[in-house]
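In the two assemblies presented below, chain A is common to both, partnered first by chain B and then by chain C.
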Partner chain A sequence: MTTMMEHPAPTSGHSPKVGIIRHLNIFTAFALGALTAIVVWRLSLSLLPADSESAPLFTREDKITLLSMIGWFVGFMTGIGALVAPFRWVMGKDLSHEENMYLAGKDMGVKRYFRYTTDHKVVGIQYLVITMTIFGMGGILAMLIRANLGTPEGGWIHPQAYNSIVGTHGIIMIVGTIIMVTGPFGNYIMPIMIGARDMAFPRLNALSFWLIVAAAIPLIWGQFIGGISTGWSAYNPLAGQAPLGMNGYIMFICIFALSTMVAGANITTTVVRMRARGMTWNRTPIFIYGVVASVALALPAFPVFFLSQVMSGMDRALGTSFYDTARGGSGWLYENLFWIMGHPEVYVILIPAVAALMEMAPVFTRRPLFSFNVAVMGIAGICGLSVLVWAHHMYMSGWAPLLNAPFMLTTELISIPTGMLFLVLVGTLWRGRLWMTVPTMSIFALLWNFMIGGVTGIYLSDVPADAFLHGSMYVTAHFHYTLMGAGLTGAIASLVYWFPKMTGRMLDTKLSWASFWLVQIGFNVAFIGMFFVGLQGQPRRVEAYAAIFNKGNLVTSIGAATIMTGMLILLAAVIGSWRNGVKASMNPWHAKSLEWTVPNPVPLENFETLPVVTEDVYGYGRKSS
Partner chain B sequence: MPDTNTPYFTGQWWKRKDVKRHAVLWVILTALIGYFGSEIQTRAMGTPASEAMENVIHLIRIFTWAAAPVAGFVAAIAIGALMGKRHHGDFPPPEAEHNISNSPRTNAVWIVISALLCLFALVAGLIALQKDNASLLDAKAIHVNVVGQQWAWNYDYPGTAGVRSNVLHLPVDRPVVFHVTSKDVKHSFWVVQMGIKIDANPGVFTESAVTPNKIGTFDIRCAELCGLLHAYMQNKVIVESQSDYETWLASQPDTGKTTWTEEKAAA
Partner chain C sequence: MSVDTHANPHHEHPDVVGSRNRLGVILLIVADVAFALSMVFTFFYLKAQNVNEMWLPAATEENPAITPVSSSGAWRITAIAAVGLIAHFMALRNVRSGNQSGLKTFGLMAFIASLFATVLQIQQFGTVPFTFYSGAYASCWYLFAVMNTVHLLLTAFISLGNWNRSRLGLYKADHWHVDIVNVWWVWMVVSSLLGAFSLSFA
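Moving on to the complex of A and B:
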C-alpha cells in the first residue's frame, strides 16, 4: 500500500466545500445499512399480519427477512453516497468540478479506497482486493468440503451445513471468477489501454463496485439463518423448501446482477465511445475485445438471473407459484431462466481471461499476435453461440427431449470458435522467442487445462454420454478445468503482468513461480482425481460416498491442499511486493500498448494530453522490409 | 534460419527440419493422448451392464480419438516452443526473427478441420441418441414406475396389478421403460452401470429406457441435489433371469395401486 501513502495530502486543509459527500464512507454505509435493516426488521415484525392457516410455511418470516435485507441495501447505498449526485441533479444543483474531483479521490490518499470514489484506478484496486477476499473465502470453503470428503462416511460436518458450504463455495467462486478479470484489470487497465482519462460513467463505476459490497452482506447473513442448502444453482422447488438463508442468496444475486448490468453498460460505452484517436477496431488490443465481449454478454444474461430470483423470492414470500408444479408453475421454468444466464455466464468468465493471455502472448514471444482477425471472430462466435446452448444443462431434466438434438448441435458448434482461440495462441507461440515469465508459462498452462476442459466438454455435450455423466463429479471436474484451470490461470497471469502498473512494484518472481507450479500441479492432481471418481459413478454435491471412490477423493484432497499452499504463497507475494517490492519501471515488459506509456504511479487523469495511436500494438518481430 | 522475407509455407516447406520435428511430435502425442485418454477413462467406468452403457463407453473412446489429433497438435507446438530458444532475465529477448501476423491458409485449414470434427461428433451423437430414443418405443418392453421422494426410491410394476417394492428387480435381456416422477423436489434417477439417467420432477412423468444385459446387482443413485440426505438416496437394482424375476414378482403382495398405467398415460 506504500504507493498510496506517497501522497498523504490531508483532506481537511485546503479541500473545497463539498458538503455531505466528505462525511460519507464505508463506515457510514455499514452503520446506516445496519440501522435501516434493524428498523425495517422491527417494523415488519410488529406490523406484518400473521400467515393465514392455508398459507405455505415460513411466508411471514420470509417477508420479514427479505424486507430487512432490502432495508440493508437501501441504507448501505445511501450511506456510501450513491444517492448524493442523482439527488443533487434532481434538485437542479449538479455537482461542481471541484466536487467531482473530490469524488474522484483527488489528493485524498489511502482514504479514497474506502469511499464512493469514481476514479477508475481506485475502483480497479477495490475490485482486486474484493476478488482476492472472495477467492480466500471460497478457498476456505473448498478446503472444508475436501476435509469432509476425507473419508467415505463424511460426516463431521452436518449435512445441512455441508450442503450450505457447497452452495456458498459455488456461488461466491462464480461471482469471484466473473469479476476477476473485468473487475480489477477491466477497470484499472482498460481505460488507460484505450487512451481514455476515465470510464464513460465514473459514478456508475463506483456504483458497480459498492453494489458488490452491499450484496455480500445478505449472503453472509443468510449463513446464520439456515444457509444456502441448495447448491449454487438453487433449483426450485428445493429452494422453495430451503430455510430462510435462501433469501440471502436471492438478495445477493439480485444486487450482484444489478452491479453486473451497471458495469456492463459502463464498460461497453467506454470502449465504443472513448478509444483514443487512431485506435480503430483493427488496432484495438485483443484484451479490450475480451473485456467488452464479457460484459456485453452479461448484459442480456444477468437481467434473466435477476428475474429468476425475484420470482423465486415471490414464491417464497408472497405465495406466488411460478415454480410450484402443484399450483400451475414449473421447476423447468426456473431451470430455463437459470441456465439462460448460466451458460453465457461461463463465457463471461472465460473470454476475458483467455483474451488477457492473448494480449500477453506477443509481449513474451516478441512477435505479432497470430491472426488477430481470427481471435476476434472466435470471441464473437463464442458470444453468439453461447446464448443458444443453455438447455444442454437440461438434457436429462425431461423438459423437452425433442430439443436435445438441436441443443447438442449448438453446443458442439461452440468448439469451432473455441478452436480459433487455440489457433491464435499456438500460432503466436510458434517460432517466437520465449521470455520465460509466469505469464508465459500461464499460456502453456491455459492450453493444457483448457484443452482438457474443452474435450471433456465435448463428451458432456453429447446426449447419450451425458446420460451417464450428468450430475456426476465428472461435470464438477470439467467446469473447474474451464473456469479455474483456464480462467483463473489467465487472471493470475494478468495480476503478474499488470501488477507493476497497478502498484508501481514488481511482483516477487521467486514466490510467484513457486505459487504457479504448486497451483498448476495441485490443480491437475485434484481434478484428474475428480474426473476419475465421476467416471466411477460418484454424484456431485454428496457429503458421503461409496468406498470405491475413496482413492480418487484422497487424490483430489491432496491436490486441493497443494493448490491452497500455492495460493497462500501468491497472497504472501502480493502483500509483500505491494508493500516493499522492487520498484517497477514505466514499462517493465517493454510492451507496446498504451497503459505502459503512463508513469508510475498513474496520475489522476492518466494522460496529460490524450494519445494518438499510429502503430500496430503487436508490432514485434524483425521487420521484413 | 529461413529467410524472413518470404512466407513460411512456400516451396517444399514440409521438408524443413522444424516442420518434420513437429510432425513427429504430433504423431507421438496424438497416439499417447488417444490411447491413454480413452483407456484410463473407459477403465474407470467399469463393466457395462447394458447396451446403452456400452454405447457411452464407445462414444467416449471415439471422441477421445477424434480430439487426440487436435490436442496432439496443440501439444506439439507447445512443446516445440518450449524446446526452442528460451530467455531468462529482467529484460526482454531480442525480437523474434519474423513478424508473421497471419496465414489465411492455416486459418482455413484449421477451421475446416474443426468443423469436420464437430460434424463427426454430432453425427456420432445423433446415431447413439436415435438408439436411445428408439428403445423408449419398444413394444416388448416391461414398464416400471419410479417414484423419488426425500430420500428414497420406490418402484411399482403397472403390468402386474400393483406390485410395489423399494428394491428394483429387472429381468435380464428384456427392454424396460421407466416412468419417473417425484413426490417432492427434483431428483435424478441414475442407474450407474447401465448408463441411463432421467430427472424425477414433481407432478410430471419423464421416461427413460434400457435393456439390462448382465445378471447382477448394480447401483442406483440420485444425481440431483435434493436436500439433507441426498448423498444417501441410493439403492440397488437386481438384474436376474426371467424365471427368477417372475418368481420374485409373484412373491410380492398386491397393493392394487400404481402411479402410472398405459391407460392413464393415454388419457
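Moving on to the complex of A and C:
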C-alpha cells in the first residue's frame, strides 16, 4: 500500500501528574475484589433471612454465592481503575493529557501490562497472553477428558467432576476461540492497519480486556463449589438444579457478554470513523471486514445470552420461574435464547480467522486477492443468514416441528456464502507462486478442515440425518472441525504472521513448522476417530462407553496427545522467540498493508504522521507497485 | 510523500470527537435494544405458552390467585421519564443556542425527573401483591422492574454528571456530551415504554 503522510504527532515533555491512577494495578484489583467478596459473603450470611417454605431449593445459598461474586466483580473493577474515569466525568474533572498518557503506559516498561493501560498494543498483548492461558487450561481439561475415556469403563474421574470438566472445557474453549483473533490481532494490528493512532475508545478497550479477567475468577471459583455439570450450553431447567458452581458460569457469561458488547462498539466505531484518508471501503483490508463482521454479529447476539443467564440466576437465587415448567416457565425459552446467540457465535469465531487467512493469501502468493467483492459478499451473506438458523440445534427438542424445514433450508443456504470464501482462497492460490510458510500451509489446512467441518455440518442440518446423529460424538467432531480445524488454524497462522510486528522478533521457523504438522495431523487423527465412534452411536458427554467404541476412542486419544505436543511446541516457540528470537525487519513478509509501514517496536502513537492511502492493498504483481 | 502539518491530532475538532462518541453510544444502545427485545420476547412467549396454566396461577388452599398488577404504575414511570427527556431536550436546545443558564436549569430538571422515576420504580417493588415464586407473570414483572431500575439509576448517574458539568461551565466550548446524553435519554424512555406496553398485556 503506497502511502503519503499527514498530521505529525506532538511530543509531550510534561512529567505525569496523576492521582489515584498511579496506585491501581492488577494487585490492588485482586486484593479489593477478594476483600469485597469476603465482606459481602459475611454480610449476606448474617443478614439474609431464611427462605420461606415455598421457596425452591438452594435459593439462599445461591443468593449468597451470587452476591459474593458480584462483590468480587465490583471490587475488582474498582481496584483496577475502571471506575475512575466515569466518576471523574461526573465530578467534571476529566482526565488530563498527562493522565491519559500515563494510562497509555508511556515510559512505564513491563508494568503497563499489569495496569488498566489504554494503549491498543498493550491490550493486544494482554489478549494474546490471556488467550494462550485459556487454551492452555482448556487443553489440560481436554487431556483429562481423554484420560478418563482411555478405557470404556471410565471411572478415573468421579462422574460429577467429569461432567464439570466437560462443561468447563467447552465454555472456556468457546470464549478462547471467540477472542483468539479479534482480541490479540483486532486490538494490536487492526488500528495500525487502518492508519489510526489508537482505538476510538481506549478506556473501553482496556475495560473489555479486564472484564475478561474479572469474569475468569467466578468460573474458577465455581469449580470448587460443585462445578458446571451441565455441559457448556447450561440448558435449563437442568442448570437450575445444578450445584452452586453454576453461579460461577452465570457470572462468567454475564461479565463476558459485557466485555463483548464494549469491544464490539469500540472496534466498529474505530473502523467506521478512524480509517486513514484514502482508505475507501474498497481499499479496506479484508481482515478488517472480518473483524468488524465478527464484533457486529456479537453486538446484538451476546445480550440475548446475557439475558438468558440473568434469568437463570434469578431462577436460582430469587426463585422466579422462567425455566421451571412446573411453575409456568419453559426450557424451550432457554434453548431459543441460547441458540439465538449460539449459532451466530460460530461465525463470530470463524469469520475473523478465515478473513485473516484471506489477508495473508495475497502476501504469500504475490497475487491480488481473488475477487475482493465476493469475499465481502460472502462475509455479509454469512452474517445475514447466521441469525436465521438457530433452531437447527433444536430439531429433536420437540419445539415447533413445523419450523424444522425452514430452518433446514436456511442452514443449508449458508453453505453458499461460505463457499464464496472458499472460492476466494482457492482463486488466490490458483497458479500463484507460493512462498511456503506456516501461514501458507495454514490456508491449505483450513480448506481441508473446513471442508470436512462444512460437509458434515450439512448432514447435521438435515432433519432426518440429525434425528440419528444429534447428541452423538459426530456432532462433537463436526464442531471441532469448524471451530478448531478452521478457526484455530487461522488464529495460529495470524500469530505466526503478525508475531514479528507484535514482538519485533521472528517466530522460530523450525518449531513453528513442527508445531503446525503435529497439530494438524493430530487434529485430523483425533476427530476422524471421533466421527467414527459418533457414527457408531457413541453419545457425547459420557464418562463411560460400550467396548465397541474402544478403538475409535483410542485413536482420538492418540490424536489429542499429538495436538497437545504440537501446542506445547508452539508455546515453546512463542516464549523462546519472544525472548531470544531473530530480530525482525520492519516488513519481513514484504506485505503492502499499513501495519508493515511502522517500525519495530511500534511507537506509542503508531504513526509519526498519519498515512494517506493511495493504492489497493492487494496490488501485488502489478507494474505500478 | 507529502506532509500536512497544520492539523494537530490532539486537538481534533469537537464535532469529529462528538460524532465518534455518538456512534459508539448508539452501538452500545444496539446491544441494549437486543437485550430489551429479548425481554419482550420472553414475556409474550411465556404468556402465550401459559405452561401448566401457571402464567397467572389460580388460587390454591394455601395461596390466593395471582392477578396482574395494573400497568398504570409502569406508564406513570414512563411518563416521568418522558418529562425528563423533554427537560433534557430543552437543555440541549438551550446549549445549542448558547444559553448556559437554560442548560443548567433544564439539566437539573432532567436529573430530578430521573431520580423521581427511580424512587417510584423502587417503591413499586414493595407494593405488588405477589412474590418471586408466584408464577411466570410475576417473574416477568420483576425482570422488567429490575431492568428498568438499572436503566433509571444509570440515567440518574449520567444526568447528575451532565448537570454538574454544565454547572461548572464545561459545555461552553462544545456540547457534544449533552448531545450524546440525549441519545441515551431517548433510548431509556423507549425501553421503559416497551416495558409498560408489555405489562399492559398481562
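As a convention for this text, the second predicted complex is superposed on the first by the 606 of 625 C-alpha atoms of A that agree within 3 Å, B and C clash if a C-alpha of one lies under 4 Å from a C-alpha of the other, contacts with A are read in each partner's own complex, and residues count from 1 in each chain.
By definition in this document, a contact is a pair of C-beta atoms (placed from the backbone, for glycine too) under 8 Å apart; a residue touches a chain by one contact, two chains touch by 3 or more.
What you see is a predicted model, and the numbers here were worked out from it, not measured in a lab.
Applying the stated clash criterion after superposition on chain A shows that chain B and chain C can sit side by side.
In the overlay built on the shared chain, the residue A:321 is in contact with chain C alone; chain B does not reach it.
Looking at the shared chain after the overlay, A:333 reaches chain C, while chain B stays out of its contact range. In the superposition on chain A, A:434 contacts chain B only, with no contact to chain C. Residue contacts after overlaying the shared chain place A:261 against chain C, while chain B stays out of touching range. Taking chain B and chain C in turn and counting the residues of chain A each one touches, the greater count comes from B. Contacts of A:302 after superposition: chain C is touched, whereas chain B is not reached. When the two complexes are overlaid on their common chain A, residue A:517 makes contact with neither chain B nor chain C. When both complexes are overlaid on chain A, the residue A:462 reaches chain B alone and has no touch with chain C. In the superposed model, A:90 lies in contact with chain C only, and not with chain B. Once both complexes are placed on a shared chain A, the shortest Cα to Cα gap between chain B and chain C comes to 8 Å. Touched by chain B in one complex and by chain C in the other are residues 325-326 of chain A. Of all residues in chain B, only 4-5, 8, 18, 37, 40-41, 44-46, 52-53, 55-56, 59-60, 63-64, 67, 70-71, 73-75, 77-78, 80-82, 84-88, 90-103, 106-107, 110-111, 114-115, 117-118, 121-122, 124-126, 128-129, 131-133, 180, 184-186, 188, 190, 192-193, 195-199, 201-204, 206-208, 219, 221-232 touch chain A in the complex they form. Listed in rising order, the residues of chain A touching chain C in the complex are 4-10, 52, 54-56, 86, 89-92, 94, 97, 197, 200-201, 204, 261-262, 264-266, 268-269, 272-274, 299-304, 306-308, 310-311, 314-315, 318-322, 325-330, 333, 336-337, 340, 605, 609-610, 612. Those residues of chain C whose C-beta lies close enough to touch chain A in the complex are 1-5, 7-10, 19-21, 23-25, 27-28, 30-35, 38-39, 42, 45-46, 49-55, 57, 62-63, 131-133, 135-140, 142-143, 157, 160-161, 164-165, 167-168, 170. Contacts from chain A toward chain B in the complex involve residues 154, 159-160, 163, 166, 229-231, 235, 237-238, 241, 325-326, 331-332, 363, 365-374, 396-398, 401, 404-405, 408-409, 412-413, 415-416, 419-420, 422-423, 426-427, 429-436, 444, 447-448, 451, 455, 458-459, 461-465, 467-468, 470-472, 531-532, 535-537, 539-546, 588-590, 618-625.
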